[in-house]
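In the two assemblies presented below, chain A is common to both, partnered first by chain B and then by chain C.
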Partner chain A sequence: MRITQGTFSFLPDLTDAEIRAQIEYALDQGWAIGVEYTDDPHPRNFYWEMWGNPMFDLRDAAGAMGEVLACRKAHGNAYIRVNAFDSSRGFETTRLSFIVNRPAEEPGFLLKRHEVAGRQIQYTIESYAAARAPEGRRYE
Partner chain B sequence: MGSQAERYKSGVMPYAQMGYWDEHYSPKDTDLIAVFRITPQDGVDPIEAAAAVAGESSTATWTVVWTDRLTACELYRAKAYRVDPVPGAAGQYFSYIAYDLDLFEEGSIANLTASIIGNVFGFKPLKALRLEDMRIPVAYLKTFQGPATGIVVERERLDKFGRPLLGATTKPKLGLSSKNYGRVVYEALRGGLDFVKDDENINSQPFMHWRDRFLYCMEAVNKAAASTGEIKGHYLNVTAATMEDMYERADFAKQLGSCIVMIDLVIGYTAIQSMAKWARRNDMILHLHRAGHGSYTRQKTHGVSFRVIAKWMRMAGVDHIHAGTVVGKLEGDPNVIKGIYSICRDNFTKKNLEHGVFFDQDWAGLRKLMPVASGGIHAGQMHQLISYLGEDVVLQFGGGTIGHPDGIQAGATANRVALEAMIKARNEGRDIWNEGPQILAAAARWCSPLRAALDTWKDVTFNYQSTDTADFVPTATPA
Partner chain C sequence: MTNAPLPVASDPIERVDLNALLADSHITEVLDELDGELVGLRPVKARIRETAALLLVERARKSLGLAGGSPSLHMSFTGNPGTGKTTVALRMAQILHRLGYVRKGHLVAVTRDDLVGQYIGHTAPKTKEILKKAMGGVLFIDEAYYLYRPENERDYGQEAIEILLQVMENQRDDLVVILAGYKERMQTFFRSNPGLSSRIAHHLDFPDYSPGELLEIALRMVHQMQYTLSDSALGALRDYIPLRMNQPHFANARSMRNALDRARLRQANRLFALEGRELTRGDLMTIEGEDFRASRVFQ
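Moving on, here comes the complex of A and B:
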C-alpha cells in the first residue's frame, strides 16, 4: 500500500527539484521549514522525530534542501516529511506538510475490531511495521 | 422636537419624530449596526420607513406610550442614521441602524435575531425588507463561544494541511439501506476523499434508521483509515425532532469514535448553539448544512442575506458551513461569495461593497469557520475552484465522485489527484487560472481515473445569471 498522508501523496514521488520548489514557495510565504522522520506512520502519530528545530532563520531553499538530504541519508528507510510553520495570528500552525521519503516497502495497517454489545465495534488501527519490531528497526 | 410633554402626548406620531431617526448620530464602537434594504410602499418617505424599522426592531410600538418615561428610553431606541438610495434600483434604500449593546442578551443568537428580524419583516408600510449586513461589536462577540473547533484545530486533528479538504455527499440521498450506504462511504474515502457526508434530509427514515447508518458508516470510516493511513470522517447527521433526540444521536456518534457530526440550519438558532456547545465539550467537529436558507437569502429585496447568516453561524459556533461554489449548480455570484468566505475565515473582515460587505468586522479572536463548496462541481473545475475559494475550504464532489464511469473509488481518486496537482502547480508559481486545463491534462496522462472524469464532465457548466449580486460596481477613478 501507499500511505497517503501529506499534501502530495496522490502524485508520483516528488523529485528533489520539485521538493525544492515547494520549499521555496513556503519560504516566500514567510513560513519556517522543519524536517521530521518516523518509522511509526500511524495516522494519529502526530509527533514524528524532529530533524532539528524548525529553521526559523533560514530563508534559503538550498539550505533547507540540504537538511532534507541529510535526513534522508541518515534515515533512508523511514518516512520523512517537510513541514512549513506559519507564526502569523489566526494561523500559528502547519500550513504545508508533505512526504519526501518513504520506506522501500510499506506494509500498511491492520484494522482491529473489538466487538462489544449492541453490534458496536471498537476499532484500533495498528501499523504492521510498528508491531513487528522496536523503533529504529522496523523497516530494515 | 419641543417639550417632553408634547413628545409623550397620547396618539400616533411618525417614528422619525419619536426619536428613531437621528442623522447626526455617530455609532459607538459598542453599538450593533444593521444595514437593511428597504422598499417603502408608494408614498412612504424612506427616512420614515427607516425610522419605523429602527423603532419596530427596538422599543417602539405603533403609538406613543407614557411608560417610555419610566426608562432610559433614548438609549434603548435604535437609531436610523443614514439612508442611501440603492444604486441602480429605484424605490430601494439602504438604511443604517445602530442598536445599543444593552438591547441584547449575551451569547444569544435567538435574542439578537428576535430584535433585528423579529417583527419588522411584516410591517405594512414596507413592500419589502432585507437585512443586508451587520457590524457586531467586539464587546458582543466576546460573549459567544464561536466555532467549536475552527479551521486551525480541525486541520491539526485531521493532520491535513496545505490543500482544500475533499468531501462528497452520499447519493442517492434517500433510499439506500444502511449497508449499501456505508459501501458508498467506504469507496469514496478509500479512493482519496477526506470526508463523506450525510445529506440534509437523511435523518432516520423507514429505509434507514439512524443507529444502523452510524454503525455502517463508522465501519467504512475506520476501514478506509486503515487502508490509506489517513484520518477520515463521515458527517453523521444528527438532525432530529427534539434536542433530546439530537443529543442521543450525537452521543452515539461520539461513542463510535466519529470525529464529526452534522446538523441542518432548519433546527434553529438555539438548537445550533446547543450543539456547538456539545461539540466543544466533546471534541467534535460540527458541520452545518444550510438547509432552508435559500427561502430567505436569495432574493435581493427580501429576507436576510447569507453573509449575515454566516456571521451568526460563526458566532453560534459551527465549524463548517456551506457557503457557495461560484461555479456549481447553486446560486453564487463570485463577488458575493468572496464576501461570505472572508466573513467565515478572516481575523478582520474589511468593508468591501463590491463583495457586499458593508462594514469592517473585527472577529475578536473567534475561531475561523471552514466554508464548504458543494453542489454541481467536478474535477475539471479544480483550477477555478482553488482560484475563487482558496485553500481553507472543503470541496465536495458528490455526483462528481459517485457518478464516475469507473466507480466511486476512481471518482475520488480523480478529484484528489486533480486537487494535489493543482496545488502543487500553484505553489510552483504557475498561473493556474489560465493553465489549469493543461495542468489537469498533464496529470490525466498518468492518472486514468482523472482522464475519465475530465472526459465525462468536460462540458458541464452552470452558467446562469446570479440573483444575489452586489449592488456596488467599481468605478474608474480619475488618474
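Moving on, here comes the complex of A and C:
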C-alpha cells in the first residue's frame, strides 16, 4: 500500500529533477530545508529522524540535493522526506513537506478493531513493517 | 581509427554570433562598471576581460556542440591588504553569473574560522555547511593559507582542505572557489598543497596602488560619503598619502578609508568646538586641512 503523506503524494514519485525544482522553489521563498527519514510510516509518527541539521541560508538547490542523495545512499530502503521551514512568523513552520524516497515494497497497515464497553468498536492501525522487525531492519 | 570530420565553418547552421552572445549576457556592463568603479588594477582588469572572453567563447563552442569540458574557474587572488580582492571577487561572481557559469552569483566570504572546527569531527560538517551555502555562487576564502598549519600535524585545517578539494573537483558546475591572501604566503601555501594549486587555473595578482591612485580612491570615497575636501584638505591628503605608505600596517585603500574616517571624527569635534554658531550645509560637508594635519602620521 502506497503511503500518501505530505505534498505531491498522490502523484507518481518525483524525479530528481523535480525534487530539485521543488527545493529551488522553497529556497526562492526564503525557506530553510531539512531532510528526514524513517522506517515507521505510521501517519501519527510526526518526528522522523533528522538527516543532519536543517540547512539555512542556502541559495541554490545543489547543496540540499546533495544531502537528499547522501541520505538515500545511506537509507535507500526507508522513507525520506524534504521539509521546508518558513520562519517569517518568528518560529520555524513547515510550509512544504514531501516524500522523496520510499521502500521498494510497502506492506501497508493492519486495521485493528478493539471492542470496548457496550460493544463499541475502537479502530487503530498498525504498520506491518513496524510489527515485523525492530527499527532499522524493517524493510530489509 | 578514423577521426570524426571537423565541422565545416561555411555550413550555415555551424555559425555562432559572438557579438550577439556578448550582448545577450550583458557582460559588457559589468566589465565597464568594473573599469569605472575601480581605480588602477590594470593587470587584474585585463585578466578578468581575458577570462570573460574565454568563457564567452566556451559558451559559443558549447552551442555548436564542441565539448571541451567545463573550464576550471577556481582562482587565487594574491595581493596586499586593501588592494580590492573582495570587491573584485564580488564582481567576478556577477560576471560568472551573467555568463551562466554559476547559477545564483552570490559571494560567500569566509576565513579559516568558518571552515575549521575546534575538535575532532567538527570540521567536516562545518566546511560542508559553508560549501552548501556557497553552491550556485562563489566561495571566497580570505587568507586561505591559515587553513594549512604545517607546524601542527594534528591541525584540522587539512581536513577542510581535503573536503574543499573534493568539491572543487567534483562539483565544478556548482561553485567557484576563490582563495585570497598575501602573495608570498599564498605561494608557500600552494607549494605545500600541490593538489590545491593544480586545481586553480587563474592566478590574479593585485598590485599595490600608486600614490596618485590612492588619492583618486580617497576622493571617490569622500564623494560617496557626501563630503567635500577644501583646498587645504586636498593638499594635506596629498602630503598624507606618501607618509602613510611608509608607515607599518599600510593597507592601501583600507588605510584611505580609515584616514577619512578619522578626519570625519576630527571634523565633528572641530564643529563642536564652534559653540554658539549655526552650522551651514557647507560646514557639515567640508573637511579642512587641519582635520588631516592633526594625524599622528604628520608628527
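Following the convention adopted for this analysis, the second predicted complex is superposed on the first by the 136 of 140 C-alpha atoms of A that agree within 3 Å, B and C clash if a C-alpha of one lies under 4 Å from a C-alpha of the other, contacts with A are read in each partner's own complex, and residues count from 1 in each chain.
Note that in this section a residue touches a chain if its C-beta (ideal position, glycine included) is under 8 Å from a C-beta of that chain, and two chains touch if they have at least 3 such contacts.
These figures come from a predicted structure and were not determined experimentally.
*Asks:* Aligned on chain A, chain B and chain C: do they clash or fit?
*Replies:* Aligned through their shared chain, the two binders fit side by side on chain A.
*Asks:* Pick one for A:P12: touches chain B only (first), chain C only (second), both, or neither.
*Replies:* first
*Asks:* Just chain B (first), just chain C (second), both, or neither: which does A:A64 touch?
*Replies:* second
*Asks:* Please work out whether A:P43 is in contact with chain B alone, chain C alone, both, or neither, and reply first, second, both or neither.
*Replies:* Only chain B is touched by A:P43; chain C is not.
*Asks:* Quick check for you: in the superposed arrangement, does A:G34 touch first (chain B), second (chain C), both or neither?
*Replies:* Neither partner.
*Asks:* Answer with first, second, both or neither: which of chain B and chain C does A:Y123 touch in the superposed model?
*Replies:* In the superposition, A:Y123 touches chain B alone.
*Asks:* Who does A:G52 touch here: chain B (first), chain C (second), both, or neither?
*Replies:* Second partner only, chain C.
*Asks:* Between chain B and chain C, report the minimum C-alpha distance in the superposition, expressed in whole angstrom.
*Replies:* 16
*Asks:* Using the touch definition up top, name the residues of chain A that touch chain B in the complex.
*Replies:* It is residues 1, 3-5, 7-12, 18, 21-22, 25, 41-44, 46, 83-84, 89-98, 108-111, 119-123, 125 of chain A that touch chain B.
*Asks:* Any idea which chain B residues touch chain A in the complex?
*Replies:* Answer in residue numbers: 152, 155-156, 159, 161-163, 192, 215, 218-219, 222-223, 225-231, 255-257, 346-347, 368, 413, 416-417, 420-421, 423-424, 427-429, 443, 446.
*Asks:* Chain A touches which residues of chain C in the complex?
*Replies:* So the residues of chain C touching chain A come out as 103-104, 106, 125, 129, 131-133, 135-137, 171, 174-175.
*Asks:* For the complex, which residues does chain A have touching chain C?
*Replies:* My answer: residues 52-53, 55, 57-64, 66-67.
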